[in-house]
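What follows is a set of structures to go through.
After this come two complexes, each holding chain A, first together with chain B and then together with chain C.
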Partner chain A sequence: MKLKGWKNVNPGAVCTEAGSALQFKTGSWRAYRPRWIEENCIQCLFCWAYCPDMAVNVKDGKMTGFNYDYCKGCGICALECPGKKGNKAIVMEEEGK
Partner chain B sequence: MATPLTLKELSKKEILLTSGHRMCSGCGAPIIVKMVLLASDYPIVAANATGCLEVSTCISDYTAWKIPWIHNAFENAAATLSGVETMYRFLKKQGKIDKDIKFIAFGGDGGTYDIGFQSLSGAMERGHDMLYVCYDNGAYMNTGIQRSSATPYGADTTTCPVGSGIQGKPQPRKNLTKIMAAHDIPYTAQASPSHWMDLVKKVKKALEIKGPKFMNILAPCNRGWRSRTDDAIQLSRLAVETCYWPLYEIENGVTKVTFKPKEKKPLADFLKPQGRFKHLFAPGNENMLKNFQEMVDKEWGYLLKASGTE
Partner chain C sequence: MMAKVVAVTGNEAVAYALRQVNPDVSAAYPITPATDIMQRFTSYVSNGQVKTEMVLAESEHSAMSGCIGASAAGGRVMTATSSQGLALMWEELFIASGSRLPIVMALVNRALSAPLNIHGDHSDGMGARDCGWIQLWSENAQEAYDNTIQAFRIAEHMDVRLPVMVCLDGFIISHSIERMEYIDDDAVKNFVGAFKAVNPLLDIEHPVSYGPLILPDYYMEYRKAHAEVMAKVPGIVLDVAKDFEKIASRKYGLFEAYRLDDAEIGIVILNSAAGTSKDVIDSFREKGIKAGLLKPRLFRPFPYDEIGNELKHLKAVCVLDRADAFGGSYGPLFIDIAASLYPHKNGPVLSNKIYGLGGRDYLPEHAEYAINELVEIAKTGKVKTLKEYIGVRE
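After this line comes the complex of A and B, so read on.
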């Protein structure tokens, strides 16, 4: 993503491209990364519902993993994950380890 | 027949707020906006008061919104949207638009309880067909946690800091949901992101009603509440279960409590994980904690009485 100079910005600072914030990847903010353990997942989709960064990938109503380009590593998904028989389907791990 | 309200069905819809916004890690506000936008089956036009949500979702030329979105100033989100809504009605009358469009204004507690209150009150009184959603995080978090009239009793902020003079905010918070209900508008509700179905149902209901609607939604802020980044949903759930943030709606003057906790938890459960209330648990402040609990009990009592479920 490259910021425009003042001469190139639309008059009135009107944004003409919907959802252009996608060009800004917030994944570098992350200190902890969520890891999905598929066998413990009951597909409740709480992680998808409670993710503030829309970084949980869902296809046909099923969780398929994380979008690490945007995940800021807050850990809400891991805390809210009910898991299966007491085993969480999402765990937080330190980045770079 | 409408589709059943499940996360599975909702997840098939496109989320109209994209990733790449610059809200803090673990912020409650984008969760709320996402749920509100998912709840609607209509095209939405939104206005935003100045606040965290506004500054972080539209930086320079980059916007996280996939819907028409307008920002004007801190004090006039409701007035701006009133104008947009009036123009829409006019164009519809002229036959230039035939779509059914709904209008939603988003404001933080600063832009709703304090600075934007006159424009909100005016828009509600004029009866514009719009929904105003306040995401209440209990202070001016965007500028560095200054107290607002939504800041709870006893909370530590940078403009009512805990010291030898005062122990956090000396005044109780303003009950804006009740104030909006006193405008005699058709629908007022209070919701929390932890109870997503309750929230989505309320938004759906509000959008079907013609006229001015108001919703107050609790938005945890880990920076201002001095809590962990992962507990936004847990804290909002505790706020509901301790009855600090009761879930209810007032439709045409009839109050209905939409969620009654099986067992009302002590307020301390909600306060303890938050650093802004740390001093309430220090020796010498026992009476503050008692006062706070009494305030919550009193409000909950009023609410049960008003809803006739005492």
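After this line comes the complex of A and C, so read on.
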């Protein structure tokens, strides 16, 4: 993407395009990656509700995995995940390992 | 053109101007000596004389935050403060200007703590001189009133969209009664015009976000854009002044030049002390001494070229500062005056005096002292003390 010069930036840095944060992929900040373990998932959607971004993919009311373009690896989903019989359905793993 | 002659305080005059402008929202927190402006304004709100949504905040930080929110929402917004109140608004001042929000704020200049002092000096406004706001300074109640009305037009100009601070001296102007003229309500209303919102948050058909994260790849472009907008401000201030003259028959420029044309020596001074100085200059003129005065009105952005050109023919200039810039440097006004004269290699010899801190009286004898010294400097070309506190006990 060609960067704009100072004459073309929007006054006051106001974003006038709804949902434009989609163009700004923030997943590269991540040091830890959440891994979904489907067999432990009870589909409570706590992960979806607690994720401070919108990085939990849900289709037809069901958790289907993560959107790693935006997931920052904060680990909140893993912390909140009740899992099945004490076995977490989300675990955090170090990136690059 | 209807004008009403009144005897009012500076604060009363500013509050009256704000009633005439009738802003959409105000968020404020009381602080001496600005309290009185908002106290009077809230009476206008209670009495139904304005339709302003009045937010009584729990601190100045919140007051400015409220103004920012209301301005971004799409309203015409104003507030008032002084001293520590302005200091507490500090981070918000940059957010208002960086977000290009046309908020108008009366700053009733007061000394900063510690030691605690409630009286007039310019250290509050000078501390905020580089926060990206426009600053208009006012000598008396009339100028504070006129500047407040013009501030809305300047701030809201489509080529500007920046917040404006209108400065007036605490107590000396804010609480002293003077004769001045009020402009007719309708004339003010027409002059200010209807508020035009830019990217209002409340326009839910066109959702916008304020305050995004701007990283090193873009931050400098935004700062450069801000600097360029500032460069347009002097021209717009002059245009607005021309329009204002039509409703008030009073002329305003970027600064006031008093008996400067044929002057050999000059004083540069802000706000109320300029009045005393002009009287003293008149008495020196009667003795045949060619003294003049320059009183900046638009202090931010500072009109370097225009002021440099106005002073360059003088032999000696004394800049009087009602604030100091600690650290062995000169007073803030001196620094800018020196910069404005830098391109003029044969310009005047400069000296700097610090006066009137914490409300210490500025007396005719102080101006006389400065002018007598200027006469000496003009003769010899030599300055004894480049920077000196005057009216201080040894």
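Definition applied: the second predicted complex is superposed on the first by the 89 of 97 C-alpha atoms of A that agree within 3 Å, B and C clash if a C-alpha of one lies under 4 Å from a C-alpha of the other, contacts with A are read in each partner's own complex, and residues count from 1 in each chain.
Going forward, contacts are C-beta pairs under 8 Å (C-beta built on N, C-alpha and C of every residue); 3 or more make two chains touch, one makes a residue touch a chain.
Being a predicted model, the structure only gives us computed values, none of them experimental.
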First (chain B), second (chain C), both or neither touched by A:Phe46: first
Which of chain B and chain C A:Gly86 touches, first, second, both or neither: neither
Which superposed partner A:Gly5 touches (first chain B, second chain C, both, neither): second
Touched partner set for A:Cys15, first chain B, second chain C, both or neither: both
Partner chain in contact with A:Gln23 - chain B first, chain C second, else both or neither: first
Shared contact residues on chain A - chain B and chain C: 3-4, 9, 13, 15, 18
Complex contacts: residues of chain A adjacent to chain B: 1, 3-4, 9-10, 13, 15, 17-26, 29-30, 43-46, 48-55, 58, 60-61, 67, 69-70, 72-76, 78-80, 92
Complex contacts: residues of chain B adjacent to chain A: 7-12, 15, 17-31, 34-35, 57-67, 193, 196, 228-234
Chain C-touching residues of chain A, taken from the complex the two chains share: 3-7, 9, 11-16, 18
Chain A partner contacts - residues on chain C that touch it in the complex: 98-101, 161, 198-199, 206-212, 214, 217-218, 220-222, 224-225, 228-229
